[in-house]
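Per-chain numbering from 1; labels A, B, C and D assigned in written order.
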Amino acid sequence: MVCKVQYYEKPVLNNPVLIEGLPGIGFVANITALQLIKELNAKLFAQIQSSYFQDLALTTGNGKTYFPTNQFYYAKGKDGKRDIIILYGNTQALTTIGQYELCGKILEISEDLGCKYILTVGGLRTKEKITNPDLYCTASDKETLQEALDLGAKIMKGHIFGVAGLLVGLCKLYEINGLCLLAETTGLYPDPVATRRVLKVINEMLNLKINLENLSEATEETREILKSFGIVSHSAVEKKGREADFRWFI
Amino acid sequence: MVCKVQYYEKPVLNNPVLIEGLPGIGFVANITALQLIKELNAKLFAQIQSSYFQDLALTTGNGKTYFPTNQFYYAKGKDGKRDIIILYGNTQALTTIGQYELCGKILEISEDLGCKYILTVGGLRTKEKITNPDLYCTASDKETLQEALDLGAKIMKGHIFGVAGLLVGLCKLYEINGLCLLAETTGLYPDPVATRRVLKVINEMLNLKINLENLSEATEETREILKSFGIVSHSAVEKKGREADFRWFI
Amino acid sequence: MVCKVQYYEKPVLNNPVLIEGLPGIGFVANITALQLIKELNAKLFAQIQSSYFQDLALTTGNGKTYFPTNQFYYAKGKDGKRDIIILYGNTQALTTIGQYELCGKILEISEDLGCKYILTVGGLRTKEKITNPDLYCTASDKETLQEALDLGAKIMKGHIFGVAGLLVGLCKLYEINGLCLLAETTGLYPDPVATRRVLKVINEMLNLKINLENLSEATEETREILKSFGIVSHSAVEKKGREADFRWFI
Amino acid sequence: MVCKVQYYEKPVLNNPVLIEGLPGIGFVANITALQLIKELNAKLFAQIQSSYFQDLALTTGNGKTYFPTNQFYYAKGKDGKRDIIILYGNTQALTTIGQYELCGKILEISEDLGCKYILTVGGLRTKEKITNPDLYCTASDKETLQEALDLGAKIMKGHIFGVAGLLVGLCKLYEINGLCLLAETTGLYPDPVATRRVLKVINEMLNLKINLENLSEATEETREILKSFGIVSHSAVEKKGREADFRWFI
């Protein structure tokens, strides 16, 4: 099967931007996606399951069962604003090949929905805790890069692993522009401060009014999922990394 | 080839339920499947061979040759009862990807046969030997979960590895409902006590009269296969785990 | 590409038997295939290259270049005898999946050529050097097994790794009968004694008159290939096993 | 996706020769390709991205973003000379299978463009630094080999790993002739001396006048890419080998 997509609905969208929100450093992308889904009242319309996800099921004691999955939500833009697709999930793929296959599928879906712009989100690990995190960016092309620089982002220097980097690298193959935004974070716990830094720029770029003060609910929800999986103890999620199978899974 | 299916017969079935019985903890699923095949006089109608099984043949000295395979049996329900498909085999796939591909193929076959309900079976490892093992469950949806809870199963909390978990996770993609039943077992040997616990609920759920007292034959057959492969010495099958190639193979 | 087949000719064959001769323990299959090709003056008609072979080229100083490949030869049977396909090569596939894909392709080619019988060959490792090696067998079905037993082979007990075992396991999916013949060998060097034991039975089964005394040329050729690759020093080829990439390559 | 090709233009070419220039020992092929692209003013017309490349993006601080990619350039031959295709890139594939899939795609593209001749380039590692490096060769056939021998190359003896070897091994499947040229190099840094040795023969073979004295720009560019990725410190690129993910990536 490799990647199997299940559509619940095929929305007709107006010049949509896709915002990627899969698990990663500081769970910045995850919290960003959750907050956008809540604030925009976004609607689930499709999900992907991949042969490169973990081969397991997880249950949490309240009867709710989790499986490795990536989900697509959409929100219609109000007052002539562009529509938004949100990619939320509890895992990335386990292997290099799996990541490419997953990104290929995400890009096919984006292309199919007329999406010409992809925004990926993540954390950039720092040693010290930072109260005013900087935002770093990289882009598929100069125009897109300039747009982020104009909003105060700095140029990223180094490696960007995972879907956040790969989508921006591959999007040109699909004639889609891509921008990656990374906020500084220690990455030790789901980080609402770094997330706020990202959402602030998203608000400006897309002319949105996402609530930046009330991120505690989305952060707590992310933390709860981690906890129930036995991955988080107290404030540290670093243990997660020890087990290769859980590289991306929350 | 990845997964190659060979059909000996294409049965026409009445609202069938598929019961999964591949090797796993305590060989509960294996013994369950063998007992169902014997008691229902089920008929072999198809088998799967996968590129993700072990690349070897095994011979046992009596001229009988074993290969890694998964087999499908069916039994027609009597007196208006629903038909039953039994998935029996001597292995699961060796890798994460192989497990997904295998489950995808099992679900395609299920869909093709009009199956709308999959029941997976397994053992839940305990440190101490238990005379009255509890039964745990998880399901693809609330209604299916409730059905198992009503019959005395408790809600499973934790990870379910392998086909037993994965089938329940993926079945929604095929519009199939899934239930996983796990009985407590030390997992040190093919366990008829844990198997009886599972079969008791299967009897109630499907209105069957599978003999619960005479599990020794199916247990012994499972033990004999393990022995002839040099995997079991005395009562312990744990050594099996040491060699990765034999992760699931019996 | 996975497996790419190149045909130089598509022979029309009369009830052909395929004899497998890929590298393995004691290089029994390799020498067997070389001797058959020489004695029957068999003609190369196709070759397979697989993504699961080693990603390298080998040159030997005399200008001759070797690549990982599997080749198919055929010889027309004289006086109404059945035709013979010989599978010769310098490698098996590197991974479990690669072995399955390779065997699937070999079986497809066999089916395509009307082949209903496959004979695989190999060595069965012994600790001591044996002057009169025994021959062991396993088969896809009882009739085929009995045929080998009647010619003095004993029933094999244990694991048969690689293409020799896998082809016999998978051939039933293609409605082909399969027999595996393994001769005792220390496996420390290309072994003409073990090969003679196998060829003797092949002569009887297929009513051939392959020269059993003059195996030195085929043995020497196999040894030379090993030597030029730096794999053999003196009489030991065991070092080969240390480098995983050379699992099967000669 | 495995290998995805993006065409910017489909050139009509006159009996073109493809020259491979992917990263490898001493970056001889890389510098060769860069010099050819500069001197021939070659034009980018296609690129490949593969699921077997690294799953990351790299940014270098000047705003330029690098992704793992292989690119195709072409230059029209002047005065009736044959056209040239140059394969340049910053990576080879990460796994054996990936290398085969990549080479299969390169050969498909070559076939599609009417290319009947492939020239691969590389370094042959020596312990000591050599001022007058020898050139070694291997070929798909005797005629092609002789052509290189006549120009002073010696016969290569040993293993040729990677795309340089594999393309020459596989090209026969596509009815393409292949030649591999390897110049002696310590491989410790991007080596213009070894590159000059290769380009000299390319000039003679293809009747070109590539500047052999001014290789510093292409060498420096290669070095800069390595540096900005933190792979090179001072003159050594050997550290690169330590991290498997960077096997081929520059």
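In the analysis below, a residue touches a chain if its C-beta (ideal position, glycine included) is under 8 Å from a C-beta of that chain, and two chains touch if they have at least 3 such contacts.
Note that this is a predicted model, so its numbers are computed, not measured.
Asker: I need the common contact partners of chain B and chain C, sorted by label.
Answerer: The shared contacts of chain B and chain C amount to nothing, since no chain touches both.
Asker: Residue numbers at the chain A-chain B interface: does the shared fraction exceed half, giving same, or fall under half, giving different?
Answerer: Chain A vs chain B: different; shared/all numbers falls short of half.
Asker: How many angstrom lie between the centres of chain B and chain D, each centre taken as the mean Cα position?
Answerer: From the centre of chain B to the centre of chain D is 52 Å.
Asker: I'd like the Å distance between the centres of chain A and chain D, where a centre is the mean of that chain's Cα atoms.
Answerer: 37
Asker: Spell out, as numbers or ranges, the residues of chain A touching 2 or more other chains.
Answerer: Residues of chain A never touch two or more of the other chains.
Asker: Touch graph across the chains, line, ring, star, complete or other?
Answerer: Topology of the interface graph: a ring, with each chain touching two neighbours.
Asker: Which pairs of chains touch each other?
Answerer: All chain pairs meeting the touch criterion are A-B, A-D, B-C, C-D.
Asker: Quick check on the complex: what are the chain C residues that touch chain B?
Answerer: Result: residues 96-97, 99-101, 104, 138-140, 142, 145, 155-162, 165-166, 168-170, 172-173, 180 of chain C touch chain B.
Asker: What does chain C use to touch chain D in their complex?
Answerer: That would be residues 1, 4, 6, 49-63, 65, 67-68, 94, 98, 230, 245 of chain C.
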